[in-house]
């Protein structure tokens, strides 16, 4: 196991009371595998991933018995100094919007060489040369010239390539990609995803791909965890999950996607209602107010994620579909 | 299928913004299309291609730099200010960002009542009754009358916007990326709502989106836009099944490619620096990204030509 | 909810419960300002010495000094307590402070109103209509900003003569460019939002859009800004009085009182330092109140 | 880029002309003029009239302004109407004092503001941050004359470390010179560091919440590197603007400090000139003060485009 997250609960104090955007999440990730973390906005997927690297804002609290074990190290007990040796070196991250994730007043070349100097102890000159190579490797033509540009001078696709090159600079063993294509145009999305798949295979690194798009997860991951309102509600290998969606939420989410093959004016299947308020989540199963199959038990008791075996097809549902 | 009355006829509109003294940005350079009664026309393209500028030009906010916009025969670019204000209830718009589209200091009831207020239609209590009736129709609890936009979710705000637009009984509804900032489950709800209202009110719609799948679900006809110009236009079934313009093909492929990974190829589409049409180079705007280009493509700009009854394309190779 | 998670993340940096947020400093400031206000308003009713009565025998007497003097018939002795002492001309500092508060408060509150109303209207129109008029208006504002304010104040002093009303008018005039800028920036921000476009699309007239859509949104930031200007104005009035360019004597003003003790700073520091302290506390209170209100409004605007 | 700066420069030049024209007009409408001042209290009406003609004060205001402007362009600022000393000489005698005062005070203010601002932003909402904030408020709320009096009281009268008033030119030795400017500069600096610190702090807090800071953290950079390499530069725009406004207004705004500490600077020269209606001298001072304001504004603008490549791009 490369990464094990156990019983993770993140508590953020707000002026309207504390919220738990991640509320008791456990999952594992094997070396070299890709995990798709799927859910709608507000389900806690971004917070979960930031928690792994200790990147949550001040005042945030993790549950006492939470464990984030990366390669045998307990990350959530590591001091800042120790985490800084992992961040960017062992675990790297890509963000949704490459425009805001790059420093607007620093050339991209310099931003790229930072991790090289910091983690690998390269001289500025070597780092610069290596940065250009990295840019070229992510498919940026004229890398040497472009290294001297500022982020706003590049197109969205190129910016995201820079961000990818930066994340992969120190050949990390885990890459966390937080909606890496959401801010990009469709034609470019496919290119970036292909690039990520290619680099993932070539470098044999593990990857967590956060997305709201089940179709994308279907094509680009080996395992999927579906999150709803701070909890993982279903997880399985990708093939198994799509062949056999057991949790009503997963199926409803999948069915709600408009498809290009649909005839015009076809009525879409929807999920009624809104995602729950994070401050006051519903009792029992959090999906029960919107679920077509909900029983009294669903509204009273919270379903555990079963079976225990982390590699099995697990569902948190009292009435899984068959 | 349709009563063939033309509701909207857009003729060769151009939209230019002056950025500085000598620099102008051409957001739209010569776009024409029409929409028949009861029809939904989809306008697709990537960010920055000028599709929102087309919407705003039709709304005359601001008016196009040149070209004509005929709404049921009235040229909106020609009529007087006063006439335009009288015509406005006939064509309404729904924006992408519902947070920005609703006044944060106004209750949603007041927002939806604004058209009645402007028309001086009915007493206060009558207005409230009409508003609450409309709220129920678009699926907002009428009890929410006195809430403010930030107390609602994005999907609910979008419903408020739709309600406000429908209060005037518009003949044409322009939807500018109405579902793009919504989550999948809510997106489907709003699409269904629009479909439902279309049937109930016999709405004619211009539906702008970057999402080809959404457009396919909603629109009878589709126009594809690239860098301020239309590439092709046709019925959605035909266009999705037999894309003619290479750009349409790339767009459709991209949707499929998200689900079907492929090896890295050298021909990547996103490696250009500037996504904006700086100065238009001669020839077809797409020729630099096109893998079927011929000599003529970099010399003369292709015109929109009719291929079959309802199918137009602007491409030297595929016409 | 587009991104409730991010909302809650930023929320944990920002707002706290109202009572905790305003804090003790805020309430102490409100208390002090209320006291100053009460004194200024009811000065005539308070058992004070005449602010311009000079006690030549007891010049620069220290705080708490008891002056014993015989009454007009030379019989019974009257004890006067100078709580804050007397100034270099033997006038009661407390009485002068309280009457001086009237000047400071009048300037501090009325001058920003002039800027708020005139600058607010100009700024709104400039930000809403844009175009050449906006360029010209903003250029004029630039000139006023670049113009050394002191020269204008001196010119007003010499041309129109000393006087509270003239000073308020001149100081108010000098705040117009700042208010214009704030109003314009806010108007610009809101008139680019889609709800203004939507109102236009519905056929709403410009005047309605300005009054009903934009004004309610910019009123709070403008008032917050005006609150911050109050302390500037009090300081400006003090500076003018300090340079003997303020209200004409013998009307007391804090700046003038501070200047009055300048020469005897070594021997009788309280003559300067007590009015200095009062002025400092008042300015500090306005600053703290302004900042607390700003933080509160920012937090509320953040939700919108 | 250069076109942008030239455009900006032209705009500032027009501000210069507008301000001096305005001053001219204002001085013209002021009652009484320098002729009375020179002629003395017991002059006859004819005598004053003759004097006015001799001084050229009877000509139309536009002509006089045109003459003055033409002179300025040729480097001639005219002579003082009162003392006949060339205006340029008087100004250049006073200028070094004001400039030195300005420099020392701004350096002091920045030395206080920048480190405290950074620490407060990094440890925002901590006890330290609150303490710094409260201190800043206190200093911000002391008017400059109050600050000056308190400093004089403590350091000159009670501790007797520094001279209370008076200016020692450089010719009397660097130490004496700096000692004489220490209190005036400190009164200005103690007032100004607070707003500078507060804008730096709030901009920095905003910057620290940006995604690119998160991305820098995710690279494993240390807090120090993140603060100085990534956060400081994009957080310094408002600081520079405010600093520019301060410096721009300081040339004319140091009047109070100069008069309390009896420093022979521009501010005092100007006030004296206004009192005696010495139009040429007033014009010279105003021109210089506005010039200072305009130049500082211009530099701030240039600094912007140096710091932020996005501004550079807009200008191109």
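The letters A, B, C and D name the chains in turn, as written, and every chain counts its residues from 1.
Heads up, the rule we're going with is that contacts are C-beta pairs under 8 Å (C-beta built on N, C-alpha and C of every residue); 3 or more make two chains touch, one makes a residue touch a chain.
Since the model is a prediction, treat every value here as computed from it, not as a measurement.
Novice: Give me the step distance from chain B to chain D, shortest route via touching chains only.
Specialist: 2
Novice: Counting C-beta pairs in contact, pick out the pair of chains that comes out on top.
Specialist: Looking at every pair of chains, the most contacts join A-B.
Novice: With centres defined as the mean C-alpha position, give me the chain A-chain B separation in Å.
Specialist: The answer is 32 Å.
Novice: So how far apart, in whole Å, are chain A and chain D when each is placed at the average of its C-alpha atoms?
Specialist: Taking the average C-alpha coordinate of chain A and of chain D, the gap between them is 53 Å.
Novice: Determine the centre-to-centre distance between chain C and chain D, using the mean Cα coordinates as centres, and give it in whole Å.
Specialist: 23
Novice: Could you list the positions in chain A whose residues touch two or more of the other chains?
Specialist: 41, 57-58, 153, 274-275
Novice: Spell out, as numbers or ranges, the residues of chain C touching 2 or more other chains.
Specialist: Answer for chain C, listing residues that touch two or more other chains: 1-2, 13.
Novice: Return the residues of chain D touching two or more other chains; collapse runs of consecutive numbers into ranges.
Specialist: Where chain D meets two or more other chains at a single residue, that happens at 125, 209.
Novice: Under the definition above, what is the set of chain A residues touching chain B in their complex?
Specialist: Residues in contact with chain B: 40-41, 139-141, 153-158, 184-195, 197-198, 212-216, 218-220, 252-253, 256-272, 274-275.
Novice: Please give the residue numbers of chain B that touch chain A in the complex, ascending.
Specialist: Answer in residue numbers: 46-47, 153, 155-156, 183-189, 191-192, 195, 210-214, 216-220, 236-237, 240, 250-264, 268-275.
Novice: Where on chain C is chain D touching in the complex?
Specialist: 10, 13, 25, 139, 142-143, 146-152, 154-155, 158-159, 231, 235, 238-239, 242-243, 255, 258-259, 262, 265-266, 269, 272-273, 276, 279-280, 283-284, 287-288, 291
Novice: Give every residue of chain D touching chain C within the complex, in rising order.
Specialist: Listed in rising order, the residues of chain D that touch chain C are 11, 14-15, 18-19, 22-23, 26-27, 29-32, 124-125, 134, 137-138, 140-146, 149-150, 152-153, 157, 205, 209, 248-249, 252-253, 255-256, 259-260, 270-271, 274, 282, 286, 289-290, 293-294, 297.
Novice: Quick check on the complex: what are the chain B residues that touch chain C?
Specialist: 56, 59, 61, 85-86, 88-89, 91-93, 95, 97, 99-106, 111, 114-115, 118, 148-150, 153-154, 161, 164, 168, 181
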